[in-house]
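Take a look at the structures listed below.
Next, two complexes with chain A in common: one pairs it with chain B, the other with chain C.
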Partner chain A sequence: MNQRTPVRLPLALWAGVTALLLVAPTLVVIPLSFTERRSFSFPIEGWSLQWYERFFTDPRWYGALGTSIAVAIGAALVATVAGTLAAIALDRARLRYGWLIRALLLLPVVVPQIVAAVAIFGTYLGWGISGTPLGLLLAHIVLAIPFVVIPVSTALQSFDPTLERAAAVLGAGGWGRFWQVQLPLISPGVITGFVFAFVTSLDEVVIAYFLQTPTLRSLPVQMYSSVTVETDPTIAVASSLMLVFSTIVILLPRFFAARRRRLLKAKETP
Partner chain B sequence: MHTSARWSALLLAPAVLLVAICFVVPIGSIVLRSFTEPELGLATYERLFADPTTLRVLGRTLLVALGAVGLCLLFGYPYAYLMTLVGPDMRAVLMVLVLVPFWTSLMARTFAWVSLLQRDGPVSALLAFAGVPGVTLLGTAAGVMIGMVQILLPYMVLTLSTTLSRIDRGLLTAAQSLGANRYRTFFQVYLPLSLPGVFAGSALVFILALGFYITPQLLGSPRESLIAQVIGVRVERLVDFAGAGGLSLIVLLTTALCLAAAVLAFRPVRAMLGQGGDRR
Partner chain C sequence: MSKTNQSPGAPAATLQQTGRSVRLSGLSKHYGDFAAVDGIDMDIRAGELLTLLGASGSGKTTTLSMIAGFTTPTEGTVLIDGEEITRVPPHKRNLGMVFQHYSLFPHMNVRTNVEFPLKQRGVPKAERRRRAMEALEVVELAHRAQARVTELSGGQQQRIALARALVFSPSVLLMDEPFGALDRALREKMQMEVRRIHRELGVTVVFVTHDQQEALTLSDRIAVFERGRIEQVGTPEDLYERPASLHVATFLGESNLLPGTVDGGVFVTRSGSRLSAGSAENGPATLVVRPEHVRVQPATGTGAGIAATVGEVVYLGADKRLVAVTADGEITARIAAAEGYRPGDDVRLGWEPGAAAVFPG
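And now, the complex of A and B:
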């Protein structure tokens, strides 16, 4: 019954093509960032670091990087706190309209970004916060909340409630149970949520584009403007940095989780 | 162990208020503006549908989204199927290959396609080598679709692999022992069992494809714009929030319809929304 079905060659080849389509195209930005000429043409004839120098000396570029990182950290922090608290409440209380609240909190992933962008732009304009750091921060917090609620809810579902009962029997109060029992156990979900929230904000273009001013431009918006108006390989530098940076941010928690699992296993088997 | 209702309301308040005030209110108000500006009524919709470009753009958007769904199935189904056949290590590798581009910067990827698809770029050279010289895909619907498929493929593969991994392969052995050949086993047993995943993945890809803005802006041509671009132009150039709101409502309704279909077709989506009854 359990014999392994042999993988036929055409299937393997087609999957190989698919994997290539998924991963390879993006990698061209890395060699392109070291080009000598002011063009995006291939093959690259001479190599230089001039575009990296330009990225870190031109305030339009490094300023945009600073804006992006500051907004992403702020948005991820607020979204993580708000999203985690909401996920805990949704998990504990059997609320009659719990599913409705959950759907509301997940709404920002479902609504097309362009609809969200023009709507937010129109309303924030009226509130006088379009083009301000506060406006961009609020928009990114909201966009990031679903990315916290989903992994924290998943972590809570695998949390054994008897552990909390045991802590209560042993005399731990509500706060003690939360800080010393529940939070450490769901922390992988919270960390995943924070990372997803951070990357979501860092990468967001459309809303940031509509809320921009000449002084408030995130890195993706600067990249977008650059590619529409000029042929400037500095965008390849920005792309490469984003690529390397978000890959590290995403893979780091996985790496630590895998190492912890290995350590735990080593402890269990003497 | 009951947390009082007041406690849970307090815990929910920050997230719910943030999403309600900073997200739902703006969307509600732009949709409302389509019915109230310049005066109460359906004038905005009469205006939108009197303009022949609206329907043409809508039709083109639906076609491009359907094309993206087709291409995602073409690449994603065999890939997800392969994931069910290989061992755990290889499956992890295939999973990472899907997940890594999932989280790499959208702008970086779109810019990569701009440089690949440009006139006399690598893709043109490849096509010329294959015997089709002088083709530039940048600025065409085909170029837009290629860029979209790379971004959307992970959603299709992840949804499909959930369904395919649950199919009991014993059924295939049973079918074959009853005399069905490989093709008949696939088309009469495996494919029907995988259809919920196909529907859910297709609905998800279709919904996401409707909203694409950056990819068609940079890889497409302004003469072949999609609905998202027209919404953008309404606000950016024409300062026509009512018109943008009307078009937004059309997109939102289409999205909601597809989402409802996907939820019906695919129970895990419902479980994710917290309606699954078998928790703990």
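And now, the complex of A and C:
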């Protein structure tokens, strides 16, 4: 839509205002994290980095950040692999109970998180992995799988199966077809799935709260706990950092796509 | 059809090879109770271009995909040069294939598409590149090697697909309605291209189409499909001049059909005209005669043949197409352009006894 139509400017304005309204409340945490005073009051009278210093010297805070990032990366990686394979299996093996398996895979989206949290907590007590990093990781993987299955299934729907036949008859075995033809063509769906999985895990608080121990706390849990005891702007620092990390992960695919386009262009005009 | 301005262009030496023979023996494919292919026996000779021709749903694609290995036969065997490959997976059959909808890999450029089959065979990079360029030269698209496939026209994409199917010198090339999506002019150009490549490279080609003109233009031999069976296999001339069934006669080229009955060697039309029936058996029958075999004479006296009135005359340049109205329906004839018949003239239609065929039913 590059045409210069008369509605273009009003449309752009409208979109800009809407975006601002959606984002502005969230962005408030950024100036707050630089405030000089020990309160959330506006307007901000003086600027300082003291809350950042506090965040990165207190092991409860930076430890929680590390836990969150590590669990989010691990959960997103495993969920992306498992969810992609599941979507492919559901797409090609016309299973009799395929719809049931799909529904089960998507269940974590609709089950209320508090219910899931209680159930997982109970189960983990039995298994003895409550409060372990592995337990938190497994819970987040299950939670994130639907967010991979959905975009990958959509990508598979627009994948032309004759391309696979063409690859087969040209000499590509099962692995070759997957790596060289199918995966590259559904990669936008896979990357979207990874991003959603990462953000889902980073943001998750209810299950992580149930599974916490004093030494294993994700950043959202640490924020939640700190609000109930002390309210100082360190929590604004934590919020700002979470904003930065999710924004980076959301923008990464766009960055890669742009770079690939540039590379392709450069290749065409040697 | 004569070859036009195409430059002969020496074929890439490495692509030249000897085609192999394909034998289908008792081949069937059932879907539930339904036989999509129903016991086919056929010998495709090494180096020939054989067309599978038939109406939609007659089992052409199913047969081709059993040769390619996408579909497992319910019964029967597929042999290439005498070696059975019925259960060999497609990627181990070493066949080239071109699909109706191009099926180029959209995430690769033209050259990497053509290199793809060589890469699967572990050909080193430099040689891969050289051979891909040679194959692109055969289809006259070497200058677009770096282009993205989505930038090319339909005809160009199909030529790339052809280059990709030929680059690894397969002994058999399968093509499933490869030009179905192209307009007529481009179709004809591509047909000439396939003929040239087939002649230059010596590969065996199995070509699926439902377009009888395409089959007549291209083929060394044609196999006519009908409801999962082969009705007749032969050269285009065999099929056109000596059809084995009413279906083949009507499927290939233009025909006049006269319903009637055979009674002791005589074919009697519904209105009572009596014509030679050759050796046909008694009973209800249909007489088939090609327009170019129908002779038109002025209606003088009471000679043999069918009385008719000229309905319309269309000038076609080299000759004229005359539609005559008889008591048994319309009969079309091809007559010399110099003949002066006009609509409304009374005429008498006839043909050599050998020119008409009578089929039961």
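Structural remarks
Simple rule for what comes next: the second predicted complex is superposed on the first by the 232 of 270 C-alpha atoms of A that agree within 3 Å, B and C clash if a C-alpha of one lies under 4 Å from a C-alpha of the other, contacts with A are read in each partner's own complex, and residues count from 1 in each chain.
We adopt the following convention: contacts are C-beta pairs under 8 Å (C-beta built on N, C-alpha and C of every residue); 3 or more make two chains touch, one makes a residue touch a chain.
All values reported here derive from a predicted model rather than from experimental measurement.
Once the complexes are laid over each other on chain A, chain B and chain C both fit without any clash. With both structures placed on the common chain, the touch criterion links A:181 to chain C but leaves chain B unconnected. Once the two complexes are laid over each other on the shared chain, residue contacts for A:165 go to chain B and to chain C alike.
By the touch criterion stated above, A:173 is placed in contact with chain C alone, chain B being left untouched.
Once the two complexes are overlaid on the shared chain, A:114 sits against chain B while remaining clear of chain C.
When the two structures are aligned on the shared chain, A:101 is found in touch with chain B, with no touch to chain C.
Between chain B and chain C, the smallest C-alpha to C-alpha distance in the superposed model amounts to 5 Å. Residues 165, 168 of chain A lie in contact with chain B in one complex and with chain C in the other.
Interface residues of chain C facing chain A in the complex, by the touch rule stated above, are 68-70, 89-91, 93-97, 99, 101, 103, 105-107, 109, 116-117, 119-121, 146-148, 164-165, 168, 174. Chain B makes touch with chain A in their complex at residues 1-3, 5, 7-9, 11-12, 14-16, 18-20, 22-27, 29-31, 33, 75-76, 78-79, 81-82, 85-86, 94, 97-101, 103-116, 118, 120-122, 125, 149-150, 153-154, 169-170, 172-173, 207-208, 210-211, 213-214, 217-218, 228, 231-232, 234-236, 241, 244-245, 248, 251-252, 255, 259, 272-275, 279-280.
Taken in their complex, chain A has these residues touching chain B: 1, 4-5, 7, 11-12, 14-15, 17-19, 21-23, 25-29, 32, 40-42, 78, 81-83, 85-86, 88-90, 92-93, 95, 98-99, 101-108, 110-124, 138-139, 141-142, 145, 149-150, 153, 157, 161, 164-165, 168, 199, 202-203, 205-206, 210, 220, 223-224, 227-228, 235-236, 238-240, 242-243, 246-247, 250. On the side of chain A, the complex with chain C involves touching residues 160, 162-163, 165-173, 176, 180-181, 184-185, 264, 267-268, 270.
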